[in-house]
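These are the structures in question, set out in turn.
After this come two complexes, each holding chain A, first together with chain B and then together with chain C.
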Partner chain A sequence: MDVLQDILRTLSLPDFYFAMFRSATPVLLTTLGAMVASRSGTNNIALEGTMLISAFVGVAVSAFTQSALIGFLGAVFSGFVVSSILAYFVLKLNSNSVISGIALNTFASGATIFVLYLLTGEKGASTSLPSLTLPSITIPLVKDIPVIGTILSGHHILTYAGLILVVVIWYMFKYTRLGMHIRAVGESPDAAESVGISVKKVKYIALSISGILTGMAGAFLSMGYVSLFSSGMTAGRGYIALATQAIAAGNAVVGMLASLLFGFCQSMANYLQSSSIPLQFIQLMPYLIIVIAYTIYCFAMEQRKKKKQFREADKKK
Partner chain B sequence: MSKKFTAIRLLCAFAIAIAISVIIILLVSEEPGTAIFNLFLGPLQSKRHFFEVFSSSVPLIFTGLALGLVFKSGNFSMISDACLYTGGVVTAALAIEVALPYGVHPIVIMIAAAVTGGIIGSIPALLKVYFHTNELVTSLMLNYVFYYLGIYTITKFLADREAGAFASRKYAETASLPVLLDRTNFHLGYLIAIGVVIVLYLLVFKTRFGYEIRVAGSNPQFAKYSGINTAKVIILTQVVAGAVAGLGGSVEQMGMYQRFNWQDSPSYAWDGVIIAILSGNNPKMVPFAAFFLAYIRVGADLMSRRSDVQNELVSIIQAVLILFVTAERFMSGWKQRREAKKALGGEV
Partner chain C sequence: MKKKLLSAFLVMAMTVSMLAGCGGSGSDAGTADETETTDDSQAEESTGDKVKVALLITGSFGDKAFNDSAHAGMERLMEEMGDQVEVEMIEMGTDKTKWEGSMLDASESDADIIITGLWDMKEITEQVAQEYPDKHYIIFDTDVDYTLGDLSNVYSMSYKQNECAFLAGVLAASLTSSDAEYANEDAVIGFVGARDTAVVINDSAVGYIQGAQFINPDIKVMVSYVGSYVDSATAKELALTQYSSGADCVFVAAGPASVGVIEAAAESQRYVIGVDSDQALAYEGQDEANYIVSSAIKNVGDSLVDAVKKSIAGELPYGEYEILGLKDGVVGLADNDIYQSIVPEDIQNAVNDARDQIISGEIEVNTAYGMDEATLNEIIDSAQ
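Our next item is the complex of A and B:
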C-alpha cells in the first residue's frame, strides 16, 4: 500500500512530468532517427553506438574548444560519420545491417573508453575534462501559468528541438518529396527504382538523417543536464528506440507518445528510488514495460491484419 | 575457387584489422615496440599465459555456439547475454546455498543453469511465434530485465556484506571445476566446452532437427511448404542456444571465480557474434575462432599491463574484423577481375 501511495503522490507532482519530458528526450530523438532509417528499409542497430560516440565527441570537443555550440556540432557530425560508415558497409558492400550495427556498437563501447583514457588517464568518466552544457530555455508567458508552466517551461533546448522535430519528421513523411521517396524505397525498392528514384541515394540520406538525430540525442546525454561523459552512459537507450520505433510504425506522433511512455517509466523509477521497492525492480521497470507495450502492439496489429484478411475474403464471396 | 576466395578475403580482413591496430598503437604509444610485441606475441611467452588463452576462450566457445545456432536458424536474438548472466547467478546461488559432494555439485549446478538458460532463451522465441514481435528488439530489452533481476538476487540473498564491493559470499569448494595443469588456470571447463561443441556439431549436421534448423535458416519459404514446423524450430533452437549460454555462465563461474562479482553484464554474448561469424556458424570451427579472439584478448591484457596502450583496442580490432568479414561485396571487384582474366585466358 505504501508503494501505491508513493506512486500516487509522485503522479500529483508537476516536477514529475517535467522529468518525464527530460528522460524521454534522448529516446525521442533516437526514435525519430530509427524511424527514418526503418522507413527507408534499413534497420539501424548502430544507434546505441552512434549515440555513445556522439556523447563522447560532444564532451571532448566542447572541452577543447570551450564552445558548447561547436561541441554540439561535433556530436551531430560524429553521428553523421558513424551512420555514413554503416551506410558504406550496408549499401556499398552489401553487409547485413544488423551485424554491421553490432560491430559499430562494439567499436563504440571500446573506442570511447580508449580515447577517454588517452585524454584523461581515466576509464570511467570525463570528470577532469572542463566540458560545457547547452542551455535550457524558459518560455516567456507559459512559465507563469501554474502547473503547466512548471511542466512545459524551462526545458533543455534539445527537448524542445525533439518536440519540434516530431512535427518536422511527420510533415516530411506526409508532404515532402524526400519523405515520399524514403517511404517508397522502404516499401518497395524495385518499384521505386523503376520510376527513377535512386534507391541507394535515398537510403543513404535516410541513414544520415538517423545518424544526425541520434547525434543530437548523444549530445543531450553528455551536454544536457550533466557536463560529463561516462563509459556506457547510453544504457541501452539506442535499443529502446528500436522498440519505440517499432511501436510507432512510422508515425512520428506515435513515436513521441512511445518515447514519453519510456520517459514516464524512467522518471517514475527515479522518483520511487527512496520507496520500499527494491532498487533493481525500479531500474528494470522501463525496459519491462516497453517490452510489454511492444508485445501488445504487435499482437494487436496481427489481429487487425487477420480481421482485414477475413473481411476481404468475405467480400470476394 | 570460392573456398579459396573466402580464405583470401578472410586473410585480407585480418590484415586490415592488424594494420589498423598497429597504426593506432604507433599513433598513441610512446613505447610502440613493447605494445605491439605483447599484443601479438605476449601469450606465447609463458606456459601460464598460453593456457590462459584456452581458459579465456571457454565462455566465448559457449556464446559462439549459442549465437551460431541462432543465426543458423535465421533468427537474430541476443538473449544469450541474459542466459549467460542468469546462468552465472544460478551457479552462485547453488554454489553458496546448497551442500553436495564433490563431483555431484558441479553437475547439478550445470543442469540447473542450462535449464534456466533454456527457459529464458525461449521467451523471445515464444513472443515471436505467438505475438509476432521482433526477437532482436525483445531480447535486447529483456537482457536488461534479467540483468537487474540477477543483481537483485545477488545483493538481496547472496551478498557478502563485508566484501566492501559488489560480491557474493564464497562458493563451496565442492562447486569449483578442477584445474587440469599445474600453475595455470586451464580448467575442466575447457573440456566441457569441447564436449558441447561435439554435441552441437552432431545436432546440427547429423540429426533431423539439425536439418530442419538449416533449412529454416537458409530458405524459410521452402521449410514452410515442405512441412517443417518453423514455429517449433524457432522455439527449440532458442531453447538449446539459451541452455548452451546458461551452461557457459555456470562453467565460467565455477572454473574462474570463487565469488560472483559480475557487476556489469560481461560482453560474452556480443563476442559470441564475432565467433559465430568467423566460424561460419559451424560448431566445428567455434573453438578455433574463440581461441583466436581469446589470444588477442590475453595479448591485449598483457599489452595494457606492460605498456601504455589500453586493452579496449581489442573492441576496435573486433569491430573492424566483423565489418570486413561480413561485407559480402568486399573484394568482389578483385574476384571479378580474376574470373574475367581466367575466362579471357581460356578463349585465347
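Our next item is the complex of A and C:
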C-alpha cells in the first residue's frame, strides 16, 4: 500500500511533470532525428555518438567564443558533420549503416575525451571550461495559471523547440514535397528512382536533418540539462531513441508520446528511489516499459496485417 | 579465390608465430620498438640500481578522483625518491578486455613493483600474480582472495570509506538542523550513489547513515542510485529531486557523474559533500564551489607512496590485506576555506570529536563489506 501511496503522492507533484519534460527532451529530439533517417530507409545507429560529439562541441565552442548561440550552432553543425560522415560511408561507399554507426559511436566516445584532454588537461568533465548555457523561457500568461503554469512554463528553450519540431516534422512528412520524397525513398527506392527522384540526394538530406536534430539533443544535454560536458554523458539515450522511434513508426506525434512515456518513467524512477520498491526494479522500469510498449505495438501491427490478409482473401472469394 | 585466402592465412600465421618467437626468446631480438626500449632499460638497470614501479590504472587520468590521486602520489614518489625509483604510468582505458593484456605486459617487463587498483582488477591480479612469482604486486581499493593459491607477492589494501562517510554524515546531519545559510528546517539529508551493486558505494552509504543517526537518531536520509558512473544528467535529476523533497545537504559518491549533483546543489542553493578528492578545487573561483561544504577524501596517492616506501625498505607485508582508515590518515574530510566559512565552529568540533572517537575505537563504523543485502536494506530503511 505504501508503494501505491508513494506513486500517488509523486503523481500529485507539479515538479514531477516538469522533470518529465526535462528527461524526455533529449530523447524526443533524438527520436525525431532517428525517425527522419529511418523513414528514408537508413537506420541511423550513430545517434548516440552524434549526440555525444555535439554535447562536447557545444561546450567547447561556447567556452571559447563566450556566446551560447554560437556554441549551439556549433553543436548543431557538428551533428550535421557527423551525419555527413555517416552518409558518406553509407551512400557513397555503400557500407553497412549499422556497422558504420557503431564505428562512429566508438569513435565519438574516444575522440571527445581526447579533445577534452587537449583543451583542459582533464578527461572526466569540462568543469574548468567557462561554457555557457542556453536560457530557459517563462511563458507569460501561462506561468500564472496554477499547477499547469509550473509544469509548462520555465522550461529550457530546446524543450519547447523539441515540441514545436514535432509539429514541423509531422507536417513535413504529411504535406511537403521533401517529406513525400523521403517517405517514397524509404518505402521503395526503385519506384522513387523510376519517377526521377534522386534516392541518394534525398537520403543524404534525411540523414543531415537527423544529424541536426540529434545535435540539438546533444546541445540540450550539455548546455541545459547540465552546464558542462562529462565523458560518456549521453549514457544510452541515443539507443533509447531508436526504440521510441520504432514505436512511433514514423509518426512524429506518437514519437513525442513515446518520448514523454520514457520521460515519465524516468522521472518516476527518480522520485520513487526513496520508496520501498526494490531499486533494481525501479531502474529498469523505463526500459522495461519501452520494451513492453514496443511489443504491444508489434503485436497490434501483426494483427492488423493478418486482418487485412483475411479481408483480401474474402474479397477474392 | 580460395587459394588466395588460404595463402593470406598462412602468411598471417607465419608472421604471428615469428612475432611470438621474438617475444619468447626475450629481449635479445629487439625487432619491435617495444623490445628495444626493454633492452635499454634493462641495460640501465644493471648500471643504476633503481626500483621500477609500474602503475596501471583502469580508465584514464583526469577523473578528479582515484586515478588523479594515484597520479599525484606517483609524482610525489618521483620527487622524493627520484634517485631510488623509476615510475611508469599506464592508462589502460575503459575496455576491460585489454586490462589483462596490459597486466601481462607489465609483468613481462622489467618492472619490480606493479601497482593497480579497483575491484575490476581483482581477478586479473589473482591470476597474473601467480604466473610471475618474482614480481611484486600492490593492488589498492580491493582485497584479493589469498586462498586461491600462492599470492605471497601481492599486497592488497582498501580504504575505510565508511569512516570518512561517517564524518560526512555527522557534518550533514549537524548542518541540516543548524542555521547555516542554505539549510532548511527539515531534518532531511540525501545520498546519491553510483551503483547499488558496488560495495564501495554502499560502504559509503552505510557509514553516512550511521554518522547522521549518531547526531540525530530521527533523521531522514534519502538514498538514490544513478545506476551509472558517467550519467551526470541523471545524477543531477536525482539530486534535484532530493533537494526539492526537502534535503538540504547531499553526499554524493558517484565518480565522474558527481558533477551533476554539484550542479544541482548550486542550482537549488543547497549543500553538497563531494567524494574521493577535494572536489571544490575543481570549481575554484566558480559559484558552484560555495556549495561544496567538504569532500570525503580517499587519499589513494599517499597510501601508494607509503606502500612503495615500505616495500623498498622491505617492510611491506606482501601476502596480506590491509584496510586503511582515519587512523592511517588516508581518509578524511576536506578542510578548506569553504568548510571553514560555512560550517559553524560547534559543528566542526562535533566532526572532530567523531573523528577522535573513531580513531580511538570508541565508535565502530559499520561496513558494507561482507554485509548481506537484507541488513543493508534495513539500515537504509531505518533512516526513512
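Heads up, the rule we're going with is that the second predicted complex is superposed on the first by the 313 of 317 C-alpha atoms of A that agree within 3 Å, B and C clash if a C-alpha of one lies under 4 Å from a C-alpha of the other, contacts with A are read in each partner's own complex, and residues count from 1 in each chain.
Rule of thumb we're sticking to: a residue touches a chain if its C-beta (ideal position, glycine included) is under 8 Å from a C-beta of that chain, and two chains touch if they have at least 3 such contacts.
Since the structure is predicted, the reported quantities are computational estimates derived from the model, not experimental observations.
Peer 1: Assess the superposed three-chain arrangement around chain A: do chain B and chain C clash, or do they fit?
Peer 2: Overlaying the two structures gives a clash between chain B and chain C.
Peer 1: In the superposed arrangement, which partner chain does A:Gln5 touch: chain B (first), chain C (second), both, or neither?
Peer 2: neither
Peer 1: On the A-aligned overlay, A:Gln309 touches which partner chain: chain B = first, chain C = second, or both, or neither?
Peer 2: A:Gln309: touches no partner chain.
Peer 1: One more residue to check, A:Ser227. First (chain B), second (chain C), both or neither?
Peer 2: In the superposition, A:Ser227 contacts chain C only.
Peer 1: Which of the two partners, first being chain B and second being chain C, lies in contact with A:Lys123: first, second, both, or neither?
Peer 2: In the superposition, A:Lys123 contacts both chain B and chain C.
Peer 1: Just to be sure I read the superposition right, which of the two partners does A:Gln283 touch: chain B = first, chain C = second, or both, or neither?
Peer 2: Once the two structures are laid over each other on A, A:Gln283 reaches both partners.
Peer 1: So in the superposed three-chain picture, is A:Asn96 touching just chain B, just chain C, both, or none of them (first/second/both/neither)?
Peer 2: first
Peer 1: Check whether A:Arg22 is in contact with chain B, with chain C, with both or with neither, and answer first, second, both or neither.
Peer 2: So A:Arg22 only meets chain C here.
Peer 1: What is the contact status of A:Val291 with respect to chain B (first) and chain C (second): first, second, both, or neither?
Peer 2: first
Peer 1: With both complexes superposed on chain A, which partner does A:Tyr271 reach: first (chain B), second (chain C), both or neither?
Peer 2: second
Peer 1: Between chain B and chain C, which makes contact with more of the residues in chain A?
Peer 2: Counted on chain A, the partner with more touching residues turns out to be B.
Peer 1: Which segment, 24-32, 42-50 or 276-284, is the chain B region that clashes with chain C in the superposed model?
Peer 2: The superposed arrangement places chain B into chain C at 42-50.
Peer 1: Across the two complexes, find the residues of chain A that touch chain B and also touch chain C.
Peer 2: Of chain A, residues 113, 117, 123, 232, 279-280, 283 contact chain B in one complex and chain C in the other.
Peer 1: Touching chain B in the complex: which residues of chain A?
Peer 2: Touch list, chain A to chain B: 45, 89, 92-96, 98-100, 102-107, 109-111, 113-114, 117-118, 123, 232, 236, 239-240, 242-243, 246, 278-281, 283-284, 287-288, 290-291, 294-295, 298-299, 301-302.
Peer 1: Give every residue of chain A touching chain C within the complex, in rising order.
Peer 2: Per the stated touch rule, the residues are 15, 19, 22-23, 26, 113, 117, 121-125, 127-128, 221, 225-228, 230-233, 235, 266-267, 270-271, 273-274, 276, 279-280, 283.
Peer 1: Can you list the chain C residues touching chain A in their complex?
Peer 2: Chain C residues touching chain A: 60-65, 196, 222-225, 227-228, 230-234, 236-238, 240-242, 244-245, 256-257, 259-260, 263, 282-283, 286, 381, 384.
Peer 1: Once bound in the complex, which stretches of chain B touch chain A?
Peer 2: Those in contact with chain A are residues 28, 76, 127, 131-134, 136-138, 140-145, 147-149, 151-152, 155-156, 264, 267, 270, 273-274, 277, 310, 312-316, 318-320, 322-323, 326-330.
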